[in-house]
Amino acid sequence: MQKITILIHCKDQKGIIAAVTTFIAKVEGNITYIDQHVDVEQNVFFMRLECELTNHHITIDNLKSDFDKTIATDFDMSWDLYNQEQKPKMALFVSKYDHCLFDILGRYSAGELNVEIPVIISNHNDLRSIAERFDIPFHCVPFTKDNKEEGEAKQIELLQRYQINFIVLARYMQIITPNLIALYENKIINIHHSFLPAFPGAKPYHSAFKRGVKIIGATSHYVTAELDEGPIIEQDIARVSHIHSVDDFIMKGRDLERIVLARAIKLHAERKTMVYSNKTVVFS
Amino acid sequence: MQKITILIHCKDQKGIIAAVTTFIAKVEGNITYIDQHVDVEQNVFFMRLECELTNHHITIDNLKSDFDKTIATDFDMSWDLYNQEQKPKMALFVSKYDHCLFDILGRYSAGELNVEIPVIISNHNDLRSIAERFDIPFHCVPFTKDNKEEGEAKQIELLQRYQINFIVLARYMQIITPNLIALYENKIINIHHSFLPAFPGAKPYHSAFKRGVKIIGATSHYVTAELDEGPIIEQDIARVSHIHSVDDFIMKGRDLERIVLARAIKLHAERKTMVYSNKTVVFS
Amino acid sequence: MQKITILIHCKDQKGIIAAVTTFIAKVEGNITYIDQHVDVEQNVFFMRLECELTNHHITIDNLKSDFDKTIATDFDMSWDLYNQEQKPKMALFVSKYDHCLFDILGRYSAGELNVEIPVIISNHNDLRSIAERFDIPFHCVPFTKDNKEEGEAKQIELLQRYQINFIVLARYMQIITPNLIALYENKIINIHHSFLPAFPGAKPYHSAFKRGVKIIGATSHYVTAELDEGPIIEQDIARVSHIHSVDDFIMKGRDLERIVLARAIKLHAERKTMVYSNKTVVFS
Amino acid sequence: MQKITILIHCKDQKGIIAAVTTFIAKVEGNITYIDQHVDVEQNVFFMRLECELTNHHITIDNLKSDFDKTIATDFDMSWDLYNQEQKPKMALFVSKYDHCLFDILGRYSAGELNVEIPVIISNHNDLRSIAERFDIPFHCVPFTKDNKEEGEAKQIELLQRYQINFIVLARYMQIITPNLIALYENKIINIHHSFLPAFPGAKPYHSAFKRGVKIIGATSHYVTAELDEGPIIEQDIARVSHIHSVDDFIMKGRDLERIVLARAIKLHAERKTMVYSNKTVVFS
């Protein structure tokens, strides 16, 4: 029995749900999950559907082809159909901070993440030994002011070699170049250590401390050309008070960063996120 | 234009969603919200749907009748269909604590609650002046060991006189009698001042303090014959520490009680809750 | 038996705690609460102390005088000493939103707030009937572009007439004038409907919705000359998702605003806040 | 410069704080942190103090001896004095679940925990390879109904060989024997996967699911002879709803377990916890 996930978005119109669910019924699919959302302002319809295909004569390729010719055309849909058994391939980008890396590799080893991690790429060599401890290939691609093009080319070559589907910046301390962003649109996940849009850019814990906030946060988002302005996937917060120093903020923040990044990875890997108007629809 | 809400539950079967959404399309209804849930263990399907009726020739009564004869019969559904303009009538039961009463009446006066409150019933006279301040009829129905039947009869008479649809126990300190529970099945909402199932019964803050918990909570639930065992609608918590006394627990708990009860009232009044197997499905 | 609260801040030095606690022991005071904080960066010491005076021959005035001449002089302290029985007098400023007003007056009537509320001042007449319902004098002081000086003068006259100690802006939609801020330095509490410093200024819920945040917040702070830049007293947040409209944000935010403002009022009224470097020390 | 931490508890009496802070001043100590708590009900005083010893002629042993003879005797104190440079030695007990183990070892490797981990002890061999990956000795001490005494003896022998100061049960699925509990009183930390006292014992997520709670939790506590009844160190919660299956509860719970156990380890390792009346005082 095959299990598939379908993601759809299109202009909101009457009868979409009826049409899609009728289509699934016809191909003898058993819907195990369905959720939909209408952005009333923008008049856009979103749907996420999981189903089991009980008829062995229907292949996923047939299904895609049928869906494309009928429903998808009728409603002018943007859509994706995934075989749930195919785990997406995820590249990890890191620099010197190791806490998110340890957390992701621990979860990966414990079988919590529905991904494959074929490669870790870094602009420094500091974390190589961690990658080796978890038996994952590690490539150092240094970045300086003068070698940006070369560095980007090397990154892209590695991503293609390892057939990477999406990228996770686990406290990667280097701006992602425009070509790479274009190549992986809505497929690069960053963790920023503040509750955006508060404290974008560098040293957010220091800024938060200076402002005297009572709450700190972390934000995972898709990377776009505008720094820290991409669609937010997940956020969480922790309470702080006058007794906490900047170092306490940083230490408390590590837990936030771990959790908020891990949640975003899971949501993306399980195809639960859709992006529209620089926002996410997160089916959870 | 009429707006309606439909709640459905039935045995899970293929094609329900397709059938319902096709039905709505046929009567020229515009679905503005739809959500569904399948309890896989129990094999039960739940759906909540909001739609606008754009065809003025179709009355709600016609619709009900059509729905009943076709879809509802085909799938052997339990269902309700509400006109969104008809606010449910809610009775408030109180005793001596005033904080939930003030909170509910404040929200009511501010237009936050989609209800009418035609009557406040209490087993004491202490809060009469608050009811008067908000111009709501107040009836004192004392309860003693010896007059339970009489008290219950008086309560039921009042509830019928005021055509009450559901009851909210805003820190009402008296056991609800079985006949009343039977009459208002899944329509009596209580607020219990602990995160159930921890600390059921009397004096939960004292028990929580004694146990040295680091978190206190509050729980709103539908009242059943088993004390504090009914279907949970909403819960929330607050952090406490060794510096807090029992009185601090009680004071912090007041905010929890207010919020958790108010959320339950809103959910129930907007027909977002369904009860099954002593649990709630909450469409939010 | 008299109960007092002492607040102290001064340059951090060795022996302060020993000196203060020895002083209290000498006057036969029984310390029931003591907390202190050192801002290491700024080298400032803060202390909050509650004690019971068991010797009836020692008046609060004597104590103040003694403290001033000895410890306070030795350590060059800024300090305040309060008789716990004297409730601070709080003025409420409102405009048209009623939810915070209902919440505060409900808490006030329920005896939760250690304050007196002798007056409500508004730039509109809309909420007059609520004030009357709670038997609190209501004064309308309209503000237009042309009458700012006159309006400010009238406000100050009222604040003096009612001997107001601190001011709470319960969604007061009018900029506070510089003279009033100067007169009530660190004694005007505002509630802003975002987790500052995100979304300062007007329409924060709309901005939050547009940005696609997954968390909204509210912030209570002391008012300074810089709009929404004053020392933060308390913040809290609520989760939102793609299913929530701007109106949902606003509705969820009402609960945040109520709670966060009420907590700030309690902290201030119980003399648990101190301000330094545009931040608060909150002894809780 | 040496840094020390002092923990004190004794009967509450006038003048303790003055005496202790005066003592520190005399030995030229610079207090960098001080916090105290009075359990009014039980009339017990608790204090935690950190200070820097600036006088090189005063050794920690001298200090201990002086303190013991003077203050500690005067006030009949229970007390401990720690050199902050001496990291406590922590043994990890595990069984088959790996998520807490990965989390702790990741944090340990990242330098977040102020401990040494000289040994991992398990009743199964499943997690041996993880221990090896992090270069930590792993000992399998099987437990069956018939070998409990032998197993306990082997555990105690290992704990002594590695000079273990405290034990962390990272989802160790075996009851700790009374002799071991007696040997490490208030020094064995367990993580239980519910917000105790709700759902003690086995399969708490299943019980929580069955009860239909809207919040799940995790609790770290010191192990006592009564199962899941020991002093609570830390708790946290996560929201769940009708859409979550038992497996979802378990998956969400893993993050709670990780975080709540890690916080307890940090608090214990930094000597921020004190136990009294089956409760903890947590200085944070």
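Order of writing sets the labels: A, B, C and D. Residues in every chain begin at 1.
Here is the rule we use: a residue touches a chain if its C-beta (ideal position, glycine included) is under 8 Å from a C-beta of that chain, and two chains touch if they have at least 3 such contacts.
If you're wondering where the values come from, they're calculated on a predicted model, not measured in any experiment.
Chains that touch both chain A and chain B: C, D.
Interface repeat of A-B: among B-D, A-D or C-D, over half of the contact pairs recur, by residue number, only in C-D.
Rounded to whole angstrom, the centroid-to-centroid distance between chain A and chain C, based on C-alpha atoms, equals 42 Å. Centre-to-centre separation of chain B and chain C, using mean CA positions: 36 Å. The multi-chain contact residues of chain A, meaning those touching 2 or more other chains, are 40, 243, 284.
Of all the residues in chain A, the ones that touch chain D in their complex are 98-99, 102-103, 105-107, 109-110, 112, 130, 133-134, 243, 251, 254-255, 259, 262, 284. Here chain C touches chain D in the complex through residues 14-15, 17-18, 21-22, 25, 30-32, 34-36, 38, 40, going by the rule given at the top. Those residues of chain C lying in contact with chain A across their complex are 37, 39-40, 195-199, 211-215, 217, 231-237, 241-243, 245, 277-282, 284.
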